[in-house]
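Order as written gives the chain letters A, B, C and D; numbering starts at 1 within each chain.
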Amino acid sequence: MVSHTTHIRVRYGETDKMGYLYYGNYATYHEVGRVELIRSLGMTYKSMEDEHGILMPVMNMEMRFVRPAHYDELLSVTTEVREMPEKTIVFRTEIRNEKNKLVNGGRIKLCFISAETGKNVGVPDFLREKLTPYFEATQD
Amino acid sequence: MVSHTTHIRVRYGETDKMGYLYYGNYATYHEVGRVELIRSLGMTYKSMEDEHGILMPVMNMEMRFVRPAHYDELLSVTTEVREMPEKTIVFRTEIRNEKNKLVNGGRIKLCFISAETGKNVGVPDFLREKLTPYFEATQD
Amino acid sequence: MVSHTTHIRVRYGETDKMGYLYYGNYATYHEVGRVELIRSLGMTYKSMEDEHGILMPVMNMEMRFVRPAHYDELLSVTTEVREMPEKTIVFRTEIRNEKNKLVNGGRIKLCFISAETGKNVGVPDFLREKLTPYFEATQD
Amino acid sequence: MVSHTTHIRVRYGETDKMGYLYYGNYATYHEVGRVELIRSLGMTYKSMEDEHGILMPVMNMEMRFVRPAHYDELLSVTTEVREMPEKTIVFRTEIRNEKNKLVNGGRIKLCFISAETGKNVGVPDFLREKLTPYFEATQD
């Protein structure tokens, strides 16, 4: 398993008239979580697109909204990849507030598309190599 | 069942560097779909908040992204309520492009909160009355 | 002079905790105003980018915020081009609420860039042709 | 003068199909700059709203877009208050990229509104006290 935590402070423009972080903005926070998890592996999602020509569109997403997040709260965003990706990759994210209470949890599945051909190409080798050490069986 | 279709044109600022409608912006399109379905019943979500003191926070959401939507496309957003709401209400939304191809589909569950007490109050009477005609059994 | 009015309803996710349309979202409303003015000329901004390879980045913007816009208000967005564009084009936009009170006014200058070369190319001929009839001198 | 620099990384959802940080999103970056400048004074904008009942709506804004910012760039946002605020406060912000090249510069004027009365109340005492040391004349 790979896990990474980053922090995001709720911006004024991200709140809504209820005074909460607008529900549509959580997808962006999950995106930041994914991107920072990839950066923690020693590569960037940007280089995947720009240098390797791999796009990662989202296929589906599930989220539950447990309690509201408010303006100026510093949220912790913990993102995990629990299974070695093959055709697709699944990121699980939990967002907690400053009291460590769960705000939002979700699961987002993405695929790997060649920017050139538009075809689904599965997990690229350079990402597989970065991820393999985290998924090697611990044998007795 | 209640069903309503509205149209939304993809704004430039809603696209991302892939050239697609950013996946996080679909939640807003679903919101517009819900709000317009409620307006089609002869009331407004705004009046629910401002006059009746009922807030409707989102509890959970599931979405699948079937094909990309592009800048300036005029999308049709069809929203349905298939079951009479009680404690919660579920909106199912399908978004189609100008060729009537499915772009995105999802299911969002909301609850009804009293702005005054913060308590879950279930479907308010004035909404139940508006919805009842759509769910009356057709008996033989 | 060319002038065009379009309408935009304030979305929930566009409000902030003050209950107002967030000030950063006006730039998007001005964008929609520009795009619809161009559409009213019988062409689309999308075709300028996709078919003619012309991008129009914003060079500068000035806005004044006269009174707040609120959730679910149907705003009228009136956009004008008052001078025939040459190297740059200036759009002036006024946003009014349902009582026809001024909410926001602004002035945005854009240039014309070749997507291929990245160079500033001035107003393209096909746009000049569309605009010319609106700027012809009325002679005595 | 008060000056403060904070850093913001460009999110995927903040880019547009040109591949640039969408022009409408700069207003949010300026907001973050203001909020972090206020935090650097030992108070928070959140407490101004929640504890002191002071809202700070934007009155006007001017921005110039010097060069594009791209996805994943870590921008530095430097915000200054150059004059002691009285009825209004002016924040000047410069946004630079990782090569220290100017991306965007702007000037935003806000006023101070009582949440209770809706009236313009001028700079509140607690903020004036925090700012005074930065504006005291250095006499010979």
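Just so we're on the same page, a contact is a pair of C-beta atoms (placed from the backbone, for glycine too) under 8 Å apart; a residue touches a chain by one contact, two chains touch by 3 or more.
Worth saying up front: this structure is predicted, and the values here are computed from it rather than measured.
Taken over every residue number at the interface, the positions common to chain B and chain C amount to over half, indicating a same-residue contact.
Using CA-based centroids throughout, the chain positioned farthest away from chain C is A. Two chain pairs, A-C and A-B, are compared here, and A-B has more C-beta pairs in contact (counted per touch definition above). Look at where the CA atoms of chain A average out and do the same for chain B: the two points lie 25 Å apart. Separation between the centroids of chain B and chain C, computed from CA atoms only, is 29 Å.
The mean-CA centres of chain A and chain C are about 35 angstrom from one another, to the nearest whole unit. Multi-chain contact residues of chain C (touching two or more other chains): 12-13, 17-18, 23-25, 27-28, 31, 71. Those residues of chain A that touch chain C in the shared complex are 12-13, 15-19, 22-25, 71. Of all the residues in chain A, the ones that touch chain D in their complex are 11-13, 27-28, 31-32, 35, 44-46, 71-72.
Residues 17-18, 20, 23-28, 31, 49, 55, 57-65, 68 of chain D touch chain C in their complex.
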